[in-house]
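Some structures are shown below for you to check.
Consider the two complexes below, in which subunit A is the common component and subunit B and subunit C are the respective partners.
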Partner chain A sequence: MYINACSTISHQNSFQNENWINELVPLDIKSELITPDYKEFIAPAALRRMSKIIRMSLACSKDCIQQSGTETPDAIIVGTGLGCLADTEKFLNNTLTLTGLIPPTSFIQSTHNTIAGQISLELKNHNYNITHTQNSLSFEHALIDAILCLNEEDSNVLVGAADEAIPLLDELAKQFGLDEITHKLTSGASFFMLSNNKTEASKAQLVDSYTVGLNNSSPGDIIDDFLKRNGLTIGDIDNVLSNTFGTVSEFEIMDTFNATPVKPIDECSGYYFTNSAFGMHLGVEMLAQNSSKRILLYNTLNNSNIGLTLLQSLEA
Partner chain B sequence: MENLKRELKEQIIERLNLEDVNVEDIADDMPLFGGGLGLDSIDALELIVLLENDYGIELTNPEEGKEIFQTVNSMSDFISRNRK
Partner chain C sequence: MSIYITGVGVISAIGLNVEENYQSLRNKKTGIEPINYFPSTKNILVGEVKLSSDDLIAQLNVTAPISRTSLLGLAAAKEAWEGNQHDASIRTGIISSTSVGGMDNSEQYYKQRLESDTPDISLITTHDSGTTTERIATALGISGYINTLSTACSSGANAIMLGARLIEQNRLDRVLVGGSDSFTNFTEEGFRSLMIYSDDWVKPFDENRNGLNLGEGGGFILLENEKSLNITNNKKLAALGGWANTADAYHQTASSPDGKGATLAISNALKIGNINPSEVSYVNAHGTGTPNNDLSESVALKNVFKEKVPPFSSTKSYTGHTLAASGAIEAVYSVLALQHNVIFPNLNYSTPITDTELVPEVNLNESHEVNVVLSNSFGFGGNNSTVIFKKA
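What follows is the complex of A and B.
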């Protein structure tokens, strides 16, 4: 299946900038989310009550619609690790501090499926609409659902992932003793238009995605099995893009992949539960710029979960 | 009454996140829903909560809301007649 559009809002200059992968800078303590003017994508009346995660997701979705020329996707599928945190925090604070009725907006918008729901409302799309939340594997679960849809009767699927950081997360991170530079908690959203049809907009191919939760096996064996089911060995992979929260050492990851170059994405994306979607956009652009033929995304953000996603160039 | 109208306008702007609207932009007789300020059904729920929490007025008949929430004038009239 083909990836006919990609759109990412992150701490990199990634939104509507095809050259962003050549402008990557490692995050530092001052790095901030680089956002577009949301009024170009969302009507002010709707925008006023949308939190950061909804704004990012809607802008990326509409950008994908624009890039791909697919106005009515057959499905809208979203992955999110922690969902709409800002509205959840607001709602919980209201329940603790207010007496009487609780204002409804933050409650309505606190649920994880608000993201996919708001996208469908904005696009006036009544097709399959679902949200996957599976810790660090949320994006991969959304991808697997999208692959299943495309293997059945759907032709075009809008799939993506988003998570938002709120100041409370930084406070919690400090209490866990996490360094805010090496473990910078960030927000980000990446969306893609997947299709069974190759078009002029096609950038790369999505071959397969696979997850293992609460893993007890050797990562090397899992990776070998995944590649084997796609008729490949590690020697067929040109680049590995990996994310880890530091619980798996870089040496261990390098060792797993032998001579295949491994590029860590965390230093550019920061940490959020669905930063593997950032990695997928990065991988797609690397393939589109002909620097690789096959890229494996290796998600070990949570070291007991493994997510594997295989991308290949249009020519491969 | 003028103080109440100003207070209501400030509360509407704050509670409904009307980012680009100032108190001066809301005329006393401007329709709040449909045209005018362009509020929607979620805003109506927020206004019901505002009436109950801030002015102690419980709306028992939802049909009443259509009349009460027409304008800042109609809201302030209703509040001054019913506030506890």
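What follows is the complex of A and C.
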């Protein structure tokens, strides 16, 4: 399966800039989410009503359409850990504070599938349209669904993930004693065009993705089994991208991967449930720039849930 | 490849298990009543599950904090899973679905936040939809493929479809699929803000229908392939006949007047299942009772079946609209229709919709063999799903 487009909105200079992976800057308290000129992608009247998560997702989707030249994807698949939080909170507060008739807009936009639904509306696309929401594994579940589609009759699948932060998350993190991540809780979106066809736009290949929820076995065994099913061993992997350095000890990850270099992504993506999608975009650009042949994305943002995604270069 | 249904579980306004639901459907007994269990001062009609969350926690032997959505899902999943064992050689997963997850607890948290400086923070820990499913998986001892779909009111049907595809592509051998949603003030106010919450009993497919009544509940079915069946020796209750999901791409909430997305979903499901429209014995309609849905769905049925629309009914006149759970609850009803050769009546109907003149089944119909049942679920965002069930 070929990755024919990638688009990410993050704290990095990642939008419509192929060189972004060479300009990575760790998040600090002052760094902000980039804001593309959304008017280039969304009509002003519609834009005014849209929350951040919808804007980000639509801009990334349309960017993927442009990059790949695929006007009509055969499926639109989205992963989101917490969905449209801003509109959910807004409507919730309205139900508690307003009397009489409440405006419906934030209710309409509160459902998780507003993202995929809005993409289908913007693209006038009638094909398979789905939303996965399994906290830290939401993106991997979307990817697995995309793989199913490409193994069926579909040729091109638009797949992505998005999450948005609201101030309440910081407040809760503090109360739960998660001080080290508090100012790094943020928003982000990454979308991809996957295809069975290699084109001039192809950047890398997606080999497989796999999840284990409520894991009760050794991560090392799960990784070995996953690689074995794909005819590989850990020695075939040039780089591991991990989104967990902040929450799992360095030693634990190094031990699992032995001599394979592990690159943390969380310090550049920040924390949100679908930051492994940021990792996938980073990995694709590393492969496109020939710095590696095979990359394993290792998602243990939530310690008991494991996500594995295997990428390889076009030549591999 | 054949995919079999070997377990069913349901909890809704018309019963706490499959048998109670079946008897209510046969006896035209609705579960939609003035609100009683949910703390509310409003005078509204709701299809509530007739048990408090505290009673559910005690019965299911779980610990608080847990959302009512998890509790309803667990009750149904447990019934569908009943008697099954874990076996390392059967790759087993669970796919649940919900539209609002732990909103029942979240809205309590927000209310407390407005009223006090020390809201109960544990209430917000059950908010995310993935956690809703993990609580169900934990109680049943399932680990591995654990996933949640959220496509508003078509979610339950989509969970069934995804489970089937994972089995077809040899990623799983056995998977519990379904969904749950609890009644919340959030969703009630939401549908009211759209002016589609009826203060009268819901009248699906009636010319004078004026909106939906919300319900709550959970539904699950257990899917297995041959390999799994060889080990479990479970009885085949029914088989999956086809499935499809499409996007209406017309409006964020309203369905298109030409029923484009729904027509595509029904016809694609028939095509995937290689089933001729004339083979369909019964359509368990989405039939929410809103002016928009029932018209659009009627048009879609006529588009696909022309002059020969099969007997159809909406069981939401019993349960209310259970949102994400509806596709899963109605999957259980579809299996019951196949098992007992029965078509369930549509309540509160008197006058056909002028534009389409379709007449739903209004009496318990036991006069025909029921071989193929088609179930529709349509949601916000123009998300349209059809799942077909057939005799095993």
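Everything below uses one rule, namely that the second predicted complex is superposed on the first by the 309 of 316 C-alpha atoms of A that agree within 3 Å, B and C clash if a C-alpha of one lies under 4 Å from a C-alpha of the other, contacts with A are read in each partner's own complex, and residues count from 1 in each chain.
As a convention for this text, a contact is a pair of C-beta atoms (placed from the backbone, for glycine too) under 8 Å apart; a residue touches a chain by one contact, two chains touch by 3 or more.
Since the structure is predicted, the reported quantities are computational estimates derived from the model, not experimental observations.
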item	value
Partner chain in contact with A:185 - subunit B first, subunit C second, else both or neither	neither
Partner chain(s) touched by A:44 [first = subunit B, second = subunit C, both, neither]	first
Partner with the higher number of touched subunit A residues, subunit C or subunit B	C
Partner chain(s) touched by A:101 [first = subunit B, second = subunit C, both, neither]	both
First, second, both or neither for A:120, with subunit B first and subunit C second	second
First, second, both or neither for A:93, with subunit B first and subunit C second	second
Subunit A positions touched by subunit B in one structure and by subunit C in the second	101-104, 108
Footprint of subunit B on subunit A - complex, ascending	44-45, 47-49, 98-105, 108
Complex contacts: residues of subunit B adjacent to subunit A	15-20, 38, 40, 42, 45-46, 48-49, 52-53
Touch list for subunit A against partner subunit C, complex	76, 81-83, 89, 91-97, 101-104, 107-114, 116-118, 120-121, 123-138, 141, 144-145, 148, 151-152, 172, 175-176, 211-216, 273
Touching residues on subunit C, where the partner in the complex is subunit A	99, 101, 106-107, 110-111, 114, 121, 124, 127-131, 133-134, 137-138, 142-152, 158, 162, 165-166, 169, 171, 185-186, 189-190, 192-194, 245-253, 260-261, 264, 379-383
